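Take a look at the structures below.
Common to both upcoming complexes is subunit A, partnered first by subunit B, then by subunit C.
Up next, the complex of A and B:
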């Protein structure tokens, strides 16, 4: 292992290179890439790497990038791509194809606001556009977590009980372009963690037709199988986390990351790096003797209903912080979280940091103060951080 | 004792601020501390104000915010200094400014802060750090910051090495050593710009599109962002730097390219009376220097010079009228003497040329055969010199007293007698009939009439004289000609094309052969040669020949010696000593100069032309005339190949000159080289360092603020952000960035 000063873009690329090399004795690695701010540095690093077996194909669009990845995986290679914002939007058709063909690959999204007008900063709306696409989704909080989750994602995706693609999200710039010391594992350890990709439906030299017409009764079966695979994720994920800890000596957080939740009356729920700032405010509140906790939603799909219900059971005041907006509704995670909170809790939705503003502790403090004095919840509120 | 600190950098897009922040972080990471570093990203363009940040802590860093209350601020561009820049800086915090200004001014302004001032831009420029067009200061200022933070030079060097910047370490070290530091003053009060909490500016709310229309944003003069700006410059082209005669090569080629052949001829006439001669016999160092050589073959410059001369002849430049008309005597009418005479005549002075032969031209006439240099070309160019009023005195041979008299008669005397001493070969049989100096043979062939040669002629030597002897012998009736040279072909000093043409004509070249004896009773019948092995390089860089004991004999009827020539000082007065171009008696400098081979031994027409002009200048200067003495340009200063944007140029092979067929040419003295068919070669010229109005700068400017203006371009500096793209894209290095 070596400690390197890496951006989260490079952390994702580094993990991918390790994972790709780990499949060198099987069908290698191959992917299609297309640049977009703020993930370009990630694919640039991939393009610079000469894989022992495999190649990085530079295509003309995100739609083709995903198509190339799909082809690689279906022929047995490990694959990866990265995108963001409107690039992801352009890719959507093939994003669905990858999930519905049960293609176990990994994608990184450096979450960026959808335009126009153009904005390059963080907002989770791009990944949440893919909410119903059938991909597993993680939201990371720091560079190490990006690297580790990317490795974990391959093992989870390729497990025969799952066989689903995984989207590993990182906040634009706040992570993608921020360099921090990151522990990079040796190839031998990654080789041990990631066995050769064994795809049951790999295309061989026997011609087959894939994705022909599915009649309603067949689609019902396929959807049920896909949903059951999603249902199996929590258990398989736990196994993967155990294996990860065995091999790399550190444990990844689970689907939700509670902080000082033991006796919390109030809980602020968030995704990505917002949680780091929330924890600082939790500490300040705790110093004042107020029972506040933080809960970070790390796995967004499948949605961790049971762990959330359990973690929130004693909370009476819940703030749901969305760095996204479903226009005409409110924060996208809010109604989902509503399904997991105690019946009598006061739940208020705040959309904060839309378009990538710097969410500072005083901004979170304002939410905490609002939540303490609130007698009833209102419609979702947009908090401007300027 | 604080266990963490926060650093904020202010710079402009293109200065490398984000990388600078990374260098700082990497230094602390090497000390085992946790670090975090990032930039402010936007649709930032070159020159736009940017910020970058570094956090350092002995605890894991979880702060995801920007830095609002820094412990230190680095300012990469001093024009950014203002109240907003200093906002949040903690009292006693450090402020490091990149500026060439005297540091005291900043020190007075910020008494509350620890101040460092360093001219990082100047240091980076000196060390050549940056892209092809822009100076980049990030690595340099990091060195100054290391010093302010009491970090060690070793740490700085290790960090640069680990990041792959080791070549920038010297600049970083210079900044480390030279940064001016003043501690925060106790009780000092900031005179202005008291730092305070930064209040994020509230976003401007535009209530309706109507209001937006009525309140147009203020004009943003993006020119205020720039730290550097582009200018049009003329840089030394390698052809010009390589030309020993000092011709404006790129100038005449570009004139041809522009269809102005008469102008090209005039450009040549300012520096040389011999474009027709040099266009034929010059070894063309310009073509060796040509940046096109590595790309697809050099421009055929010699051919173009001849092409111009064949069409335009020798235009007569304007003759100056000096205040005092000087009289200068010139001994010898070779290219050096005639170049000196031409220079003096153009300056309006009297030039008297003394020549021992009956015709002017020296080696041009006696040494170079007419199949290379037709007599009519020599006659035309010398006639042109005489038309300028140069006086020729033929059949003048001198003894030492004559020279002293001549020196008194003229205001100055220039000796340009060339290399008259022929190298002998002290071997058994050297006096046999049929063994003679090649120069004597050439003299007969060139001045009298074609000598009758017969049988097998062996020429000893590898220079141009050897080649001239061999090819002239063939044309004079020799049935077979062999050149024997003691080193390898790569080391033959002769012009490459001459060697190739000789081989085409059937001349055999035996390499690594050292003569050891001439064999025969009365007349030479054979030559004994030893095989030579090549040893280590000597001081000239050529490998030293090592004579072996393996011998061979070739039968032959004639042997011509072409082993080199040296200066013959015997006609000089005993008291005169030659010191390069100067002649003196004891310590007293005489108004007597030496020019051409006698002074330099460089042995080519082009060198002689340049030196003749230079020595004429030296003589005039010593007489008090206002003259700029010609100096050969420094080749190292010329535009290197790496500065040419090759993407802008199509690969196109050189247009070769037309030659008479080897079979047809080798039995008579008609000119072998028929020259270029057209002047298309001029369009292959990169025009290194010389703007051709190609519009690349105009086309590539992302701001659209480069406009054509008379013969050049005009940049609207009020909108130029100093991105450097025009300079980067200039195909020929005719632009540069300046501050």
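Up next, the complex of A and C:
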């Protein structure tokens, strides 16, 4: 192990290089890449690496990047790509394709506002556009978590009980361009953690057609199987986390990350780096004797319903912080979280930091104050942080 | 095993009968030119191992519904625009692993001239080790017959009910402009030349492009039995030049057409998609002559 000063972009690339090399005795590594701010540094790092057995294809679009990755994985190679914002939007058709073909690969998204007008700063709306695509999704809070989750994602994705792609999200700039001390594992440890990719439906010489016509009955079965694989994620993920701890000596957080929730009356729920600021405000509130806690939604798909219900059971006031907007509804996580809250809790949705506005402790404090004095909830509110 | 194609490639051999590329149970219409193209490819392949990528088009419906496959080779169905990109992944993976597999894209004109053009162009520019075959039925067959940029001047389609007012793209020139090792057009009515080109393309490395004019009785509103005759008319009239281009610069003319107006007239009159009020053979003859002037200037 060595400590390195890495941006989250480089943390994702470093993990991918280690994972790609770990498949060198099998079918190797291959990917298609295309630049977009703020993930470009990630794919540039991949382009600088000479893989023992691998190839990085510099394609002409995100749509093709994803298609190239699919070709590699169907041939048994490990794969990865990275994108953001309009790049993810352009890629969507093949993002679905990869999931529906049960292609286990990993993608990093440096979450950025969808344009126009052009805005390069953080907003989770790009990844949430892929909400129903059949990918597993994690949202990370720091660079170590990005590196570790990327490694974990390969093991989870390639497990034969799962065989699904994984999207590992990091906040644009707040993480993507911020350097942090990051513990980089040795190749030997990664080799031990990641078995060779063994794809049961790998294309060989056997004359099968992958993805031809499917009639309604077959589609129903394929969807059910896909849903069942999603249902198996929590258990397999826990096994992967155990294995990760055994090999690397540190534990990754689970699908939800509670903070001072034991006796919390009030809870603020958020994703990504917003949670760091929320925790700061939670501490201040606790000093004043107020029972406030934070809950970070780390795994967005599959949605961790049971753990959320458990964690929120004693809460009476819940603030759902969405750094995204579904125009015509409210925050995207809000209606999903509504399905997990106690029946008589007061739940208010706040859309905060849209378009990458800096969410400061006083902004969160404003939400806490609003939530304490509320008698009832109202329609989702946009909190402008400017 | 050496397999001499009987009757210049048009008749079945033992190999075809035991393990054809296009199997019984495929969904193609009777008289489909694409089927003839697949049978020729089947002959040409002999014992070579291949993996195919087929985008959304008639050619993927050919396979029939899950879990069956009417293809005698592994096939990945790609999204409409992505054949050359998925093939890139397969071909690179084959290369880094030393697999002998040849990766073949089999795509319609929609997936080639239109929606897949950027993907195709990029794969050609990267000189990926792919054989890309476009069966050109000059229409979006799978969706019921709409115009594509390969639809010829004057042809009626469901989206050009008064006849198309633009000429088709010169796809071979576009591909040659990428300076790929090999680009060729081949005629289903001239199987010996077609088989030679398929064999040559299969044995080369780098990006290779084959263009096949593929009669589509359903879309062309022509007699299923007359498809091959129509291709011969197209070749002899000069409408469909048969040539090969190496490295984007070395042009070879493979069939010297008679430039006969009779063939031209036959070609137009035998297809219900062409109606007299939508085309003028004198204009079409002028376009043909201009195209040939260009081709001949490049052959020299």
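Keep this in mind: the second predicted complex is superposed on the first by the 385 of 386 C-alpha atoms of A that agree within 3 Å, B and C clash if a C-alpha of one lies under 4 Å from a C-alpha of the other, contacts with A are read in each partner's own complex, and residues count from 1 in each chain.
Note that a contact is a pair of C-beta atoms (placed from the backbone, for glycine too) under 8 Å apart; a residue touches a chain by one contact, two chains touch by 3 or more.
Predicted model, so just to flag it, every value in this text is computed and none were measured.
> Have a look at subunit B and subunit C on subunit A after the superposition and call it: clash or fit.
fit
> Report for A:25: first if it touches subunit B alone, second if subunit C alone, otherwise both or neither.
A:25: touches no partner chain.
> Just checking: does A:69 make contact with subunit B only, subunit C only, both, or neither of them? Give me first, second, both or neither.
Touch partner of A:69: subunit C, not subunit B.
> Quick one: classify A:118 as touching subunit B (first), subunit C (second), both or neither.
First partner only.
> Touching A:242 in the superposition: subunit B (first), subunit C (second), both, neither?
Touch status of A:242: no partner.
> Pick one for A:228: touches subunit B only (first), subunit C only (second), both, or neither.
In the superposition, A:228 contacts neither subunit B nor subunit C.
> Looking at subunit A, which partner touches more of its residues: subunit C or subunit B?
For subunit A, the partner with the higher number of touched residues is C.
> Once the two complexes are overlaid, how big is the angle at subunit A between subunit B and subunit C (Cα centres, nearest 10°)?
In the superposed arrangement it comes to 70 degrees.
> Once the two complexes are aligned on their shared chain, state how close subunit B comes to subunit C by Cα atoms, in whole Å.
Value for subunit B versus subunit C, nearest C-alpha atoms: 19 Å.
> Enumerate the residues of subunit A that count as touching subunit B in its complex and touching subunit C in the other.
Touching subunit B and subunit C on subunit A: no residues.
> Inside the complex, what are the residues of subunit A that reach subunit B?
Against subunit B, the touching part of subunit A is residues 3, 5, 37-38, 118, 120-121, 142, 173-174, 177-181, 273, 276-277, 279-280, 358-361, 384, 386.
> Enumerate the contact residues on subunit A facing subunit C in the complex.
Spelled out, the residues of subunit A in touch with subunit C are 27-28, 30, 32, 53-55, 57-61, 63-65, 67-77, 79, 93-94, 97, 203-215, 218.
> Could you list, by residue number, the parts of subunit C that touch subunit A in their complex?
49, 51, 53, 60-61, 63-67, 69, 71-79, 81-82, 84-97, 101, 118-119, 121-122, 126
> Subunit A touches which residues of subunit B in the complex?
Going by the criterion above, the answer is residues 22, 25-26, 29, 34-39, 41-43, 61-66, 68, 200-203.
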